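In the two assemblies presented below, subunit A is common to both, partnered first by subunit B and then by subunit C.
Take a look at the complex of A and B:
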């Protein structure tokens, strides 16, 4: 049943990625449409200045953290499943579980720290 | 009274159409270091199946050739083999329909070889047994000492009937890419049978099967390649059954799982009263 819960969140994470990655693609590659709707930032959306400007907005900080968490969980759980199909021993399965859980958590904490730091310290960039 | 006789065999039916080369994997673990291929020339007549070819080889060329077969009509599931690159039943495939001058026959992939074309199906049946492929009821007393029969409507039968056609030939496991890498994967046959019983309105064993079905080598390992459904000689769709099991669990997690209504018991009739409108059967002629 633990595996079912992990899989359930894997699917939910996939749906979250679909929404937030879609949002990212929309903002980054369809800026002309956003501009037409009066939602554009003006200028080059891929420039460093534009990226910093977005990072200092609460909405983007939250979406970055959600997308980071969903992408890390979805990707690492998927990779873990691929490794599990190699007929590993129970010991190796446990090692892989802990490695991905702790590695994923560390990356999530680090990514969240960066997103929050930039949001709280606009002068730093 | 009309007389019936066997249809007359036309001499043209027994005419050899062509010679086909059977390239067969031979392996006797007690003698051979490694499997090897051996060729046989088989004269083919109309309607001859691959199994007929193997029987002909065993009777006329090499009596040491080992393979399993029984019913010769695609019912028992014994003669599963890897024929011209696909897992098939040897009795269910006519040589001429393969449209090849050479027929390569190997034992089913993803199984150990006992000898020649005989795969070791022990692991396959262990997996089958692990999902408890039988009716589980909470009222054990009713199963031991039935007071009636469990009601099932035609619609409820449709929910699982296609999965009940499984003949346990093992072709689906030999075609499955996940089984090829993960020995512990339960496999499409057992999973489809688990769904067959879970979906049966008379069964109450879904909870008991959960631990095995949703383990780290259960339904979630299926990539939905669909190879199992492609090769099934009975038209069972194990890949679909696995997706339905996944869907069941997902809905359960969302708390929107539709509960199966409990089936009721129809008591035995106290006394059999024959319908007067139905004429009586004639007396037995053989006693």
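Take a look at the complex of A and C:
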């Protein structure tokens, strides 16, 4: 893929993360303030009950997967750019490209499997 | 036709992030954007595996979370929150300016010169104020409420 296309998707992924990670952060780290406004879940948001309740809702399952894919792409592509600026040899650039592409794909498959498994098997967990 | 681009060797390396010229505030914002990005990426990779422990059920999740219920990890998590607030708001500014907004119309370079960096500065200040407000609320949530 051309570098301009990779950069375009880096920006799109950033915008997607801005929305979904913003939502995630508000739910996880501003829950007391949301509670004051009557918008919170109530209780400890990291408790097993609260975490599994969210994981078994279709909206959260889908947004977790979108956020996972966007964040992996944005983060690994950004890290790759930082490394490439250090005037690496072409061989190192190829190694980094493959390592990040395969590593990112493996993490995406793992994270997606966890999210879908918990959503489809509420009794098993 | 594919054009092979030859880049000049980056002699300054990572030190170029913080030194190497008469840098304005935006240059340090750039360095901090990268630093916070790397911090968030490190946390995120760990986060994938920690949240993956959900697959083992309630007990597995609670034992995984028990490992992180120390003041050091709580402070580390707060640092990630700071990094998120900064990186997200500064990133929003970068997307807006990348798309050509908030830079004004092109004009002749007549003294006194007003560059696009100067034109976007109110946006830079605005997003930093919003980031500071989010950090204050997040800090209150982490430690006081």
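As a convention for this text, the second predicted complex is superposed on the first by the 110 of 125 C-alpha atoms of A that agree within 3 Å, B and C clash if a C-alpha of one lies under 4 Å from a C-alpha of the other, contacts with A are read in each partner's own complex, and residues count from 1 in each chain.
Methods note: contacts are C-beta pairs under 8 Å (C-beta built on N, C-alpha and C of every residue); 3 or more make two chains touch, one makes a residue touch a chain.
All values reported here derive from a predicted model rather than from experimental measurement.
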| item | value |
| --- | --- |
| Combined model on subunit A: subunit C and subunit B, fit or clash | clash |
| First (subunit B), second (subunit C), both or neither touched by A:30 | second |
| Partner, of subunit C and subunit B, that touches more residues belonging to subunit A | C |
| Partner chain(s) touched by A:69 [first = subunit B, second = subunit C, both, neither] | neither |
| Which of subunit B and subunit C A:104 touches, first, second, both or neither | neither |
| Which superposed partner A:86 touches (first subunit B, second subunit C, both, neither) | both |
| Contacts of A:11 with subunit B and subunit C, given as first, second, both or neither | both |
| Which superposed partner A:51 touches (first subunit B, second subunit C, both, neither) | second |
| On subunit A, positions contacted by subunit B and by subunit C | 11, 85-87 |
| Residue ranges of subunit A in contact with subunit C within the complex | 11, 14-15, 17-18, 21-22, 25, 29-33, 46, 48-49, 51-52, 55, 68, 71, 75-76, 78-79, 82, 85-87, 107, 110-111, 114, 117-118, 124-125 |
| Partner subunit B, residues of subunit A touching it in the complex | 1, 3-5, 7-8, 11, 81, 84-87, 93 |
| Touching residues (chain side subunit B, partner subunit A) in the complex | 178, 181-185, 210-211, 214-218, 220-221, 246, 249-250, 253 |
| Residue ranges of subunit C touching subunit A (in the complex, touch as defined) | 7, 9-10, 13-14, 34, 37-38, 40-41, 44-45, 48, 51-52, 54-58, 61-62, 65, 81, 84, 88, 91-92, 95, 98, 137-138, 140-142, 145 |
